[in-house]
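Take a look at the structures listed below.
Look for chain A in each of the two complexes below; its partner is chain B in the first and chain C in the second.
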Partner chain A sequence: MLTHANNELLTRTGPGTPMGDLFRRYWIPALLAEELPEDDCPPVRVKLLSERMIAFRDSDGRYGLIDEFCAHRGASLWFGRNEEGGLRCAYHGFKFDVTGQCIEVPSEPEGSTFCTRVKLTAYPLVKIGEVLWTYMGPPEHQPPVPEYEFVTVPEEQSYTSKRWQECNWLQALEGGIDSSHVSFLHSSGLRDDPLFKGSKGNEYNLKDLRPHFEVVENEGGLFVAARRNADDGHYYWRVTPWVMPTFTMVPPRADHPVHGHFWIPIDDENCWVFTFDYHPTRALTAAERQAMIDGHGVHCEYVPGTYRPLANKDNDYLMDREGQKRGDSFSGVKGIAIQDASVQESMGPIVDRTKERLVATDAGIMKARHMLRNAVLALRDGGAVPPGVDPAHHRVRSFAIVLPREQPFTEVTDEVAVARPGVAHVSV
Partner chain B sequence: MRVTVDLDKCLGYANCVADAPEVFEIPEESMVVRVLQGDPPAEMRAAVEAAALDCPARAINLVED
Partner chain C sequence: MARRPVLASSCAVAATAAEARFRIDRPIDETRRTTVIALDRGAEHIAAGAAPEVSERVRFYNAAGDPGWGGAGAAVEGSDLVILVATPQLDRSTAAAVGRVCGRSRIPTFGLVVGRPLERAGAVSALRDQTAMLMASETPLDLADILSDLRA
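Then we have the complex of A and B:
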């Protein structure tokens, strides 16, 4: 449960909000590199943390993320011409470079220096892996760029997609650190999905519906560990790292690629779900990559030409009541990503957490809320650098492991929960 | 019966507030519970016992007088 005041504190991320200030201390995924595929390509509208911006790639391949609206009289630069080293407003021809600096006002007399004193808000935009990342905070506090393993492995080992989710970022994130729902909502995926099936761990998942949760704080966030019964005196552990404020990584299954998410606020009632799949030591097979493109695993199918899922709230997520009854899936909704989206969006644009009746398997969610609030207040009141800013905190891995019942999972985290180039992940 | 809460364990799940609102509350700016009545009357015993049972953090202690 959260009081109304704390629910407001953690869910509002616009300019000037305490949680928005926290988000503005991190590099966050802004868009996929595929959205700006070549120099001078069409600009893209980007809304993040309730700020409307335009992303573009100039004639020299430099990326820019600038205020969407022209400094002159506020027309959208989305209509602009991306040409010869800048984005030119379609209304009166004001031209801006990737730093937001106005570099030409064609109506001004020759020799005018007016444009040098006109500048739009702009944020850095850098390509790391197949993701374009931005930092929207105070320049003097800009940290080193992210080092999450999915963007540091060779390109052929990684795949990233994104989808629009129509609810607040926090309830979407909380689904990512609540692995107890997997045995219910996603039970069909464990049996049938080409990117999930065939793992011994799936059997443990489906047999033991009452996992015991242990949640342990680390420097960058949490390890959320779900313990289920395995064979003869052993437990099956699935350990999900959460890196502040909004990165989670799902524990792997067999030798399948390992996946995870960022939930990035678009505004307070919408978020982008950036979803990655990668293998630490080998290229993705053609079949795996195609399955991801086709929307299997944690990815989804789209309304053509958009990043909106094909199954969405306007069509009741293509709910199949007969399939639900037959047991094709637990909820009647197809696909892991859309199963998550359907229940999380059904909670409303911003879920009212004052009414929750929580149980022990929600420990990860509760501890994450505490950590977020503590970091928000420490930043607001004392300027403290929040957990998860340091790239060292990004070099984590999820893992799945069978351990003797007497051995705590924390004994192995130093060895297996750290990303080590060329070393395989630990999976069951 | 005396009611205490171990604030090192309490995470603010608030099942106790739902079960026994006369005895427990979470102040608007807080993430953990506050005991309103440390020595609740006998008629609240069942509600307080339910609160202790329903606490996922096992943070509520009941001690008989």
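Then we have the complex of A and C:
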């Protein structure tokens, strides 16, 4: 459990909050590149860390992320015209470039320099892989851009989706660190899902329902390892890296693509789940890509035209009680992503952690909270650069491996938990 | 099957701040009975540092320096959770002796190994088969935090 004060400390990410200040030291996913598909395309409303902004791509292909509201009278620039190198407010024609600089005030006399003194808040927006990333912190502390492997491999090897989750970012992240729920909530996926099935590791998963866990600090965050019995004298290890503050990567199965998530605060009661799937050494097959688009694996189906899951809290996540009884799924909810969303959203918009009763297998969650709190306080009190900012921390991989019982998984992390271009991931 | 109407208080829609106010707010259980066993001298210091920070209900025992420590059975009796604390100074025979008792008692065991990564590997290895959950950390402050996290 957490005290009320610590729960507030870790869950509030708006401007001026300690955790918000921590988030503002990292590059974070802001949008999918598909949301701004071409020059002068329609702008997109974006809310991140409780700040409302507008994203657009100008006539020269430059990306901008600026205050949503016009400096003149506060009208939303979403109604604006994206044309000729800037976004023009539909109300009185003020025009802004991707840096937030006002570049035209039509009502001013010709030759007026008034517009040069008007500038909206703007954050950098860069395309890396199929994701548009932003940095919302102090410019003098802006780190190098992210180097997560899923955005550095060729595009044909990677697929990224996003979905709206209607709860605080931290309880969503904690699901990604909590390996012990997989044997229950997601047990059916190991048998049936086209992006998981056929792995020898699945047999170990389903045979040993009492895994042992190890949580080990890493430079950028943690390794959370689940250990199960394998064949004679061996253990089957599944190792999940967490990179602060909000990146996790699920251990792979067989030669399937490997996947993971970012949980990015929209505000304190909503978050975006950016979900990626990639293969380090080969293009995704057409069947794999189609399965992802169709919502298999860790992706989901959507309400058409939106990033809201088709199964959501307004329709009880399309709960299928008959299927639950038959054993189609453990919870009656279809799909890993929505199984997670259903239970995590049911906890409430910000779960009250003063009432929880953690058990020993929640150690990954406990340690992640300690590290987040320590980083928040070290930044607030001493300006310390938090773990996970350095791009070297991004070059991690999850892995699944069978090792002799006497060999700890930490003996192989230097070899197999590091992203190496052109080298396959280690999987079972 | 006919679908029943979704009411404002039904589970899914109840995930709102407004509905969260109506969650039942009565005590659920008694406090967990937790036993902390320091397995070596370094762990003894860590446990001593954590003790003032946590409830008097947590029971602390010290197996340091006594490879054949015979107090494990009495120490873990009645516990809901046993936390074994170790550092790179850990003696494997102590870990094995205490681990055997915990295993026989079917009490969940949590291992905390504090030390630098290269130095703590032996202790982590020694506790691996004795605990269901193992945390390797560089900070001794984790013990007090874990006890607080677990409502010990």
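Heads up, the rule we're going with is that the second predicted complex is superposed on the first by the 428 of 428 C-alpha atoms of A that agree within 3 Å, B and C clash if a C-alpha of one lies under 4 Å from a C-alpha of the other, contacts with A are read in each partner's own complex, and residues count from 1 in each chain.
Following the convention adopted for this analysis, contacts are C-beta pairs under 8 Å (C-beta built on N, C-alpha and C of every residue); 3 or more make two chains touch, one makes a residue touch a chain.
As the structure is a prediction and not an experimental result, all values here were calculated from the model.
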Which of the two partners, first being chain B and second being chain C, lies in contact with A:Glu217: first, second, both, or neither? second
If you stack the two complexes on chain A, which partner ends up touching A:His370: first (chain B), second (chain C), both, or neither? both
Just checking: does A:Glu406 make contact with chain B only, chain C only, both, or neither of them? Give me first, second, both or neither. second
Touch test for A:Tyr317: chain B only (first), chain C only (second), both, or neither? second
What is the contact status of A:Ala5 with respect to chain B (first) and chain C (second): first, second, both, or neither? first
After superposition on the shared chain, which partner residues are touched by A:Glu345: those of chain B (first), chain C (second), both, or neither? second
Which partner reaches more residues of chain A (counting touched residues only), chain B or chain C: C
With the two complexes superposed on chain A, say which partner A:Thr121 touches: chain B (first), chain C (second), both, or neither. neither
Chain A residues touched by both chain B and chain C? 1-2, 357-360, 362-363, 366-367, 369-370
Flag every residue of chain B that touches chain A in the complex, lowest number first. 11-15, 17-18, 26-31, 56-57
Which positions of chain A touch chain B when the two form their complex? 1-6, 356-360, 362-363, 366-367, 369-370, 373
Contact footprint of chain A on chain C as seen in their complex: 1, 6, 10-17, 19-20, 23, 28-29, 32, 81, 108-110, 117, 121, 124-125, 128, 131-139, 141-142, 145-146, 148-151
Contacts from chain A onto chain C in the complex sit at residues 1-2, 166-167, 210, 212-217, 227, 269, 313-317, 322, 342, 345-350, 352, 355, 357-363, 366-367, 369-370, 406, 408, 410-411
